[in-house]
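Before anything else, here's the structure in question.
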């Protein structure tokens, strides 16, 4: 994109954001409900929670850092399980038939629905990890399988004619060729995992975390902080997504599609 | 896949399912906790809830039908909003710049986090519709945009050389060429929308719906029904997914990729 | 004496519900330093509702909890058959009463409840049981709309429900912010009924009787302090909930703070819970034994 | 009749990022009505760009492009363009693909019959219901030709239409193209990098320089149709064009 | 020295779904050490399948394939295969692509030098750091050739390596290939559907029938290298092979 174009689109974006905030403020004034704060109250809440902390004294940044830590832990675990399994399942159709009757229905069980079982079977940080894992696992797994299956047969044949064994083919052909899909699986997985944070922190116990902040202030009927929590989650999610996206762009320069 | 292969993989799948259920039963017996029922108790709960109904007298099928109805409504609405907007955004980069500063952070706010606002702003069935919509909207939107952008420039040029106007190009070139992506967006969207059912039904009010069933019985510490609800959600999700997938396969015979 | 014989400090995990005024004693005890003085360091764990808290309690994640009596009863009834479960044992009362039915202008007397939509904070809560008992006793037919306590005042403000039964401060919020009026309070529904209780894990009790005793003493001290220093209690309530003075006044007027448990009302509740199928593992004959084992009166 | 297509010192530059690429420089050319003109040039020199300028898909950066005295406009002039890439709509069957151009240019009544007629003209009777992925590359090109011819174009523009076909199929299609051309006698602009093909087909061959492209030479091919590929005059035309091209390629 | 590759009445069928496709039927052939053999045949007749049988990527359904008296085994025999499709690893740069084969067949010490040596042999010195998407089709083929040659193969198998290149590049690469072959004197099996190419390159041309493929004719080309494409004997070899092929194509 040209320089001028980019400036123009930034300006347009800023403009539409301002219009949006203005309309929201208008709605808030018009509804005049104690439960629908406008953007101004949310901004005030932002400064209050950022400096003085919430009702238990935790600041916004400590809520955010805790949530990020939990999500990254669960995400890490999801990557460590889903990628090897995905490569295995992509390479061996029989592994696929064995695992899909168990994995497939589990895929559609939402993370919140796992909360009761998570409480019974797990404790401490492992619960958060589990619930984030449940969310992040499947996008990574499915993308890895798809990436492995899309490996060009010619490249595999090529390696075979040099006498490559299956280990070499897996690590030098299949894995690098699936890597773009794996990465986009990781990106989607991190996004989904991040969005599970409210579900994961719904159990309660520890008083800190962005999901907890939302639930706590919903219980206290203070919607300004609830919306603050939502916006914070949205923006951090965006940043995490962007971080992986730009890694992808840097890593896969060789992939012509990514540049288009 | 060959006939024999398919039979073999079906058998393998069945076998692994049985092994899984057996291990689960074993774990349940070994843990001997009233909070970890085995598959047998879940089956019993299935017959009980299917025939006699739950604590409020609603049967499993009425819970399921209600949830499906809500999800389909929200999904329909998501499709009706996301597809036109996606085509529009894909075709006009300026629409993209206007909308993305608002849409992008919203994308990462999980549906559960919207519950407090949904309660304030909406009532009745519209809340369910809204929460499902929030979940289903973005996959459809993003896939539609991607599909539109992937429209072959040659096909557009070809239409132009015949003197086609932009309306004709949109409806006869861009839309059909984006359709496979739109459909896979719809599939993912329906999956995500379906998984929002527990979040949507967490609000409460109405005593019926699969999400409600899970929450109700989790509050009653009766895990057999909770797991029954989870499994039901998982299986219905799988069926919905499969339904769209087979529609895709039928519709896009012309797409060589889909057949591979 | 603490100065001369420095005590070993033990850390205990205490569960409670976010913004629940019933649990004021917990905060008084903490702010007044009663726990520290007994050599107890507390780690607070907060939950959105009683059943979630009790699930965590059963899993052994908590030592003490401030919680409504019915979730504790249900959890104990369900967990009794599990040797690994951490069963709750009541060592003190937290408060009596503390709930109210608030309604809009269309309802002037209890008879007007018929045909109306009334919100409750969920199947199996004290409030749900109180309402069920009341409509059974007065032959009323109304539509119950169960939902999370957080949403009751909001739904009321929008007119989706004609009124609701909830624990404080939810009813007072509806009164102060949305023009509701109080139709019936706990006192009218079931005078002096047990509401929240202080429970300890049976496993913790078995191994740390001394700590349990000290904790109960600190709790009792705090409840007494609330009774004797209403102004202090009110200020603290305002701090932990962020609500206005007027609202807190109204809310506190519906709560009776006492440390002595009331087994009779708990038995009544349990009978009702069995009738409602909320408790399925007990029969009416087992109720007396169950409640007697549930309450340990040694510490009050 | 005057010239059908006129290019007056046309220049074309593209901006990509901060770079500017000059693809065509000061190119003048005029094509008479009914002529079969071939354009050859080193790969990447700007042949496709030239074709797009002629049918109005691109606007010149300098100079003028005129078709019958006016700037080209697909809504007014009727072009029949066969693109270098596969340009069939993959979701339409063969018949519906041929109908596509007609749907835009004609009212609906006789479309079906016309499309069938042109399909049988290119030898694809019986393949109406096939989808593009079910037919070979050569058959796809025939469908594209039928689609372009069906709208009764004033000018036919073809961009290396046979490049990705094997030698046998290519030669068959070349013969068929000549047959169709002599029957309808339209103006044809045919781009190729295959010199053999150009000499076999064209009345006039325009040789382009390497990028930025301009006209290096215009060679009139004075041979009767059908032409024998191994005849000495054919070979000498071939050598001549190859000579021009070689100068351009070695100059790269 | 005895024959390097022997095929004894080889047959190959594929199962796809419920259908069985017979691709090769009763094909016998023997190739001597150091020979340059071209295989031509109608498109889709089974040329690629034949090549895969020779290097052990596919097993014959009947008959035997022997390389130096044993079934082909890439772990023992050293093959240099250039595939019909692009077979460069897109995530490796040119140098690393050439090193790929060496990484498998050699111990690590001298790999880098060897790879650079073979890159400059195919005229790609200076392009070591380029990625496949940054170079042209012709350069990609050169990289594939360098990669195959670097492992010092006993047998080189090439599957229409120059099919998708333009005429100019194709001719340049043909000359280079002959130069490399005469320098190292390996056995080369070269598949093409371009008769011109076959006559230009081969000592012996095997013409295959249409599917199921078997040997239609073996033509020895008794011409000195380098060969002149327009010389009468060249043209007569060409006509002869084209005649065989024409019989097969019209028989379709």
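As written, the chains take the letters A, B, C, D and E, and residue 1 is the first residue of each chain.
Throughout what follows, contacts are C-beta pairs under 8 Å (C-beta built on N, C-alpha and C of every residue); 3 or more make two chains touch, one makes a residue touch a chain.
Everything quoted here is computed from the prediction, not taken from an experiment.
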item: Any chain that touches chain E and chain B; value: A, D
item: Top chain pair, ranked by number of contacting C-beta pairs; value: A-B
item: Mean-CA-position distance for chain D and chain A (Å); value: 50
item: Whole-Å gap separating chain D and chain E, where each centre is the average of the chain's CA atoms; value: 34
item: Length of the line joining the C-alpha centres of chain C and chain D, rounded to whole Å; value: 85
item: Between chain B and chain D, centroid-to-centroid distance (C-alpha), Å; value: 49
item: Shared-contact residues (touching 2 or more other chains) in chain A; value: 33, 35, 116, 120, 202, 218
item: Residues of chain C touching at least two other chains; value: 55, 150, 154
item: Contacting residues of chain E [partner chain D, same complex]; value: 42-43, 164, 166-168, 193-195, 230, 235, 245, 249
item: Contacting residues of chain C [partner chain A, same complex]; value: 15, 17-19, 44-48, 52-53, 55-56, 59-61, 149-150, 153-154, 157, 173, 177, 240-242
item: Residues of chain E that touch chain A when the two form their complex; value: 52, 55, 57, 74-76, 78-81, 83, 85-87, 89-91, 100-101, 103-105, 131-133, 151, 157
item: Residues on chain A engaged by chain C in the complex (per definition of touch); value: 33-35, 55-56, 116, 119-120, 123-124, 202-207, 212, 215-216, 218-222
item: Chain E-touching residues of chain A, taken from the complex the two chains share; value: 152, 154-155, 157-165, 168, 172-173, 176-177, 179, 252-256
